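As written, the chain order gives the labels A, B, C and D, with residue 1 at the start of each chain.
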Amino acid sequence: MKAVVYEGPRSVSVKEVPDAKIERPTDVLVKITCTNICGSDLHMYEGRTDFERGGVFGHENLGQVAEVGNAVDRVKVGDWVAVPFNIGCGFCKNCERGLSAYCLTTNPGMAGAAYGFADMGPYRGGQAEYLRVPYGDYNCLKLPPDAEEKQSDYVMLADIFPTGWHCTELAGMQPGECVVVYGAGPVGLMCAYSAMIKGACMVMVVDRHPDRLRLAESIGAIAIDDSKGSPVEQVLKLTNGIGADRGCECVGYQAHDPQGHEHPNMTMNNLVHSVKFTGGIGVVGVYIPQDPAPQDKLYADGDIIFDYGLFWFKGQKVGTGQCNVKAYNRQLRDLIYTGRAKPSFIVSHQLPLAEAPDAYQHFDARDDGWTKVTLQPAA
Amino acid sequence: MKAVVYEGPRSVSVKEVPDAKIERPTDVLVKITCTNICGSDLHMYEGRTDFERGGVFGHENLGQVAEVGNAVDRVKVGDWVAVPFNIGCGFCKNCERGLSAYCLTTNPGMAGAAYGFADMGPYRGGQAEYLRVPYGDYNCLKLPPDAEEKQSDYVMLADIFPTGWHCTELAGMQPGECVVVYGAGPVGLMCAYSAMIKGACMVMVVDRHPDRLRLAESIGAIAIDDSKGSPVEQVLKLTNGIGADRGCECVGYQAHDPQGHEHPNMTMNNLVHSVKFTGGIGVVGVYIPQDPAPQDKLYADGDIIFDYGLFWFKGQKVGTGQCNVKAYNRQLRDLIYTGRAKPSFIVSHQLPLAEAPDAYQHFDARDDGWTKVTLQPAA
Amino acid sequence: MKAVVYEGPRSVSVKEVPDAKIERPTDVLVKITCTNICGSDLHMYEGRTDFERGGVFGHENLGQVAEVGNAVDRVKVGDWVAVPFNIGCGFCKNCERGLSAYCLTTNPGMAGAAYGFADMGPYRGGQAEYLRVPYGDYNCLKLPPDAEEKQSDYVMLADIFPTGWHCTELAGMQPGECVVVYGAGPVGLMCAYSAMIKGACMVMVVDRHPDRLRLAESIGAIAIDDSKGSPVEQVLKLTNGIGADRGCECVGYQAHDPQGHEHPNMTMNNLVHSVKFTGGIGVVGVYIPQDPAPQDKLYADGDIIFDYGLFWFKGQKVGTGQCNVKAYNRQLRDLIYTGRAKPSFIVSHQLPLAEAPDAYQHFDARDDGWTKVTLQPAA
Amino acid sequence: MKAVVYEGPRSVSVKEVPDAKIERPTDVLVKITCTNICGSDLHMYEGRTDFERGGVFGHENLGQVAEVGNAVDRVKVGDWVAVPFNIGCGFCKNCERGLSAYCLTTNPGMAGAAYGFADMGPYRGGQAEYLRVPYGDYNCLKLPPDAEEKQSDYVMLADIFPTGWHCTELAGMQPGECVVVYGAGPVGLMCAYSAMIKGACMVMVVDRHPDRLRLAESIGAIAIDDSKGSPVEQVLKLTNGIGADRGCECVGYQAHDPQGHEHPNMTMNNLVHSVKFTGGIGVVGVYIPQDPAPQDKLYADGDIIFDYGLFWFKGQKVGTGQCNVKAYNRQLRDLIYTGRAKPSFIVSHQLPLAEAPDAYQHFDARDDGWTKVTLQPAA
């Protein structure tokens, strides 16, 4: 089958790889019709992780079930399914508490597995014609009758819509509160969108790319351009000097200033200053314990200089980590089905699989208008 | 000062009563500019409670501070304030946990006090020119600069907007869930509106008055006319036979069939059948321990025949009781201020105080189009 | 293999039945070494349900894994396991939220399955030499090295220890609160024990059997004998007239007065009166939608006369239903392992399987000292 | 009246100061009978804050009401009361949500006030004969009939028992979980004690003072001596390499190695390594935004080098800040009253006020056996 293969820093190709197939009785094989490029693919694409050459990318996947193992009871051939990026077993201590991003079974020695992801187990990604889904009854979300026509909405259930939503949960957001989101990439926009759906009274989004800030405004958020002045001061001004009730980190360790210098501690410290006393902060932007090519030396071991004294003094809380997609994907699916959510508003490009190399290049460069790319292996 | 005085069953007059005034150092005196007639006023108006003749109605109040006691620190003369219908002290065991509807101080021997309300303490209502607010720093919600122009929105903060919201909280509603609301009176409409704001994927509203059902549809809810067939069957049909995730009771003990016969157990049992296994039910419709004039004999002591076997078998939860207004009024105020909520959509009549007797008569008769009446004592 | 077989009202025998065996690739076969008789077995034993003759009882099971299906990954032959009475799939909407008592897969057309239980699916019970456990990786709780010697403690993890604990959760109990438990049968005692472990400041237990009340006192609870006067008055006296913070129903629909007459509404209404304004009530005592042989006619369809007016007026909450064992069994296992819990204090009899008929007779008669019976098929 | 007065670094005296008195109608005047020296007093005593000379220490206070203002309704002369260290108003946005440590009224320009505390407002402490308590109805906790005889227990309600409890709440601890507490000073011991009361399955306490570790063991905790090897390794060994479910920081910014060198980031980073993936960390040890005399230069502005990459990778949560005493003091009072808690086990010295200077010196030096000092101004 054809797949998007990592060839080395800033290089991918589309080529033939061995077919995905049923390997265990609990597996499901999905024919991929829609698979997105994610901002976290870029960390790997840029060679900033230990993802191995020859591996297949792709953890935002949607398609139709082609085959099921003989221990699969719920999922049927022909079902349209969205596949969470995390691979859980459903029966370990973490999965049974809904912490499916930290499965103790699927990536032995660690907590958590994913498709086509550095350090997340030996699973190939779904930027390919087919995807093997382990523990298929647990990991496939069945989609309603309008699945095929709304693919570009439902595919967001695999990662970024739940991940953005998760950030508001980690921040402890409640209806009627005021939220600031750092980062207006796809996850940041989904986070802002989630806050709007959940009844925030005001959502502020910090970024510096005009196309992204326009998208934020299109869903009712207030755009804050941090290339035009301190985002902290802008947030404080909009909140009578008090700060936001909740802050959301949707940037990650490659946070950089307008000049392009990386400061892994920049967003976090801005959040401590932007959020009120007793407020909450959620962090879904990716941070890693070891950075093989750090711009900031301190961060080689994942260390940052953190305004901890102020953080404690303000009595803030922080919640972090990858999203447990299954904790949210049913409800978000239902919101899409009843027309109350339409997350495809961020999609800028729908391309055949063959154009993946070009798409990676543009998306990595944050070229204007390349907000979110969907690949269609079956097209 | 002038006030709406209860003269006996189905009779109120507007006449002179002694002026409200500061009685304790913690009191605040509010000049009332906007005060609503509430569905629960009708229980008293109809003589179905032991509310005493000569008492003043009115627990949905908004106005401007005219005077403050010498121990009042936060509220200032001239402030625009919305006044929760419950009167709390702020320091008893219940108030300090946010259960201000069950204050242990303000109505000795009972839990909970309110303005102009049967069994809720010796406090006069605010359908009058002035209102004395005990523990004013605790009980007055300050309003933002647009208070005067948005009075018909902010006045809903005194009772029915928080009460409708509370019902969704008692039901345990989460974003993305499906909710059925029984009753499309003002509280039921506010409940449906709250569920929409909080991100329900579908809201169904059961009633039989066309004007109310139209209002429900105007906010995106699905109207269910229970005079056209079993509401339970209609709910099950809309939910693939599973039932709603959450059910909300906004009717109360005077629930009656289309022929007008009261069945205090009707709504509750319909909810047990309308809500899914493991679902939650919230009840803000008023029920009372003693009914002086019950249509259903059993209800003289507040008893109902309840489908308890099925309720348990389905593993449902029920939460009940009056709304702790202060638990929600700040957030709802902020939603109004930022334009994300506009609860005045239910207001059908804005009248001078003098027209109260006429307004009571129409509202009590559920005359078509008399959805919600606001009285303006200062007009 | 040998098993306890239901022969008709008040009659069981121990006889040969077809061997339990692996039927699906996800099955686990457990050699039962310890299996309890439960109070809910008695409803079936007495012929008060539609449990069919020839069926095998037993849903409180512990033993050693004898065989596993080829899709089982975690559980290994030789593992000691405690088996929750509910049979979940691990991947349906309810299981993935921890509501494994309401699995949508294992008992089609209903929510929830169990071993050897009326209306809970076609699964044989474990009062037998072997038990087939569906979805074994999900449904088996692995036990620590001291499993064999502490069998009479760990077997309580299958049902009554989690069920008693669940009741305190349904009631919303927090540390430092005051709890009243109605019923000092095995579940009631486990409920009181759970409340003590969780830091209740006072636990009251209502019953009338001296042996049970003594056991309640042995764990630090206050015994209330309801044959000596109104339990409500005794509770109010012990709580300065305020009532308990939380109430727990561990009796069920066969609640009866000291003269033996059944009143299915008795415990629930006593709880409404025994619990404070704003308090919470948990109900794990079994209630059923249809009673084939009701003493109280109204209860034929599961109806009771309920003090709903007072319940609402007090702003109480009720949570009901069977326990989701997997929500608690890991933590309770760990408490047993570290010696902080020893639920076997209620065991009165440890008997070979062959003595089951005699044991059922004594336990059903509530004979003095027959608090809890453990059967040992391997003995 | 006599009071403990700060004279400068490591110097206090007991001398006459102007009498405390009723200043506002909502004030209560308390005759102090029992007032503790707290670990956080030592930061000020050592001159590590900007506490001004001439100020009076003391925020752990208990006594008898001597006088009340004319707007005080609940508290009566003669009542025995424990006084939370935080001074709240009861009606601001934070107080009404139970965040009384962050009152927006009592310390204008900041969030939160306290008695005799640097940066926490102009309130004198209670290491004196009398204490003025603002908003007395809100800030005084009435004590039961055994108040006088159990003073050394109830005085712990003013700060360290709730503060230790709060730490377990910030960490998100649930019954049956495994907890590691860093620091076995009075707060750390109260934290470990709280975890035991709430049903932890195992509590580990890290310190290096033998007298403190012995006290930890006396309540059933496991003592870990960090002068004998890496505490992280000891914790991992006791938890099968997984780490504790929850971690509690009860040390603060003066954390130091066995050689006495301060490392403000030491405890926090140890916690990240000691706590499992998805685990929670609570921090009640004091951290400050500006350290006037930092040993670690970076900490002059409250900065630390933090293992953020690992923290995020493990998906941990952190909650911080001063304890909202009123959120817990009623329940903890009730646990003392019913005999289920006896926090006075940490008291090593009960001394007259006059011996305060000597007591400060010994306590500051961590002299063996000086675990907790109670001063008795009325003795």
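By definition in this document, contacts are C-beta pairs under 8 Å (C-beta built on N, C-alpha and C of every residue); 3 or more make two chains touch, one makes a residue touch a chain.
Only a predicted model underlies this, so the values are computations on that prediction, with no experimental measurement involved.
The chain pair with more C-beta contacts between its two chains, of B-C and C-D, is B-C.
For the pair chain C and chain D, the distance between C-alpha centroids works out to 42 Å.
Centre to centre, using the average C-alpha position, chain A and chain C are separated by 42 Å. Contact with two or more other chains is made by residues 330 of chain D. Taken as a graph of touching chains, this assembly is fully connected, with contact between every pair of chains.
On the chain C side of its complex with chain B, the touching residues are 94, 99, 101-102, 111-112, 170, 253, 264-265, 268, 277-278, 283, 286-291, 298-299, 301-322.
Only residues 174-178, 197-202, 328, 330-332, 334-335, 337-338, 340 of chain D touch chain C when the two sit together in their complex. Residue ranges of chain D in contact with chain B, taken from their complex: 24-26, 69-71, 73-74, 89-93, 96-98, 105, 135, 137-138, 326, 330.
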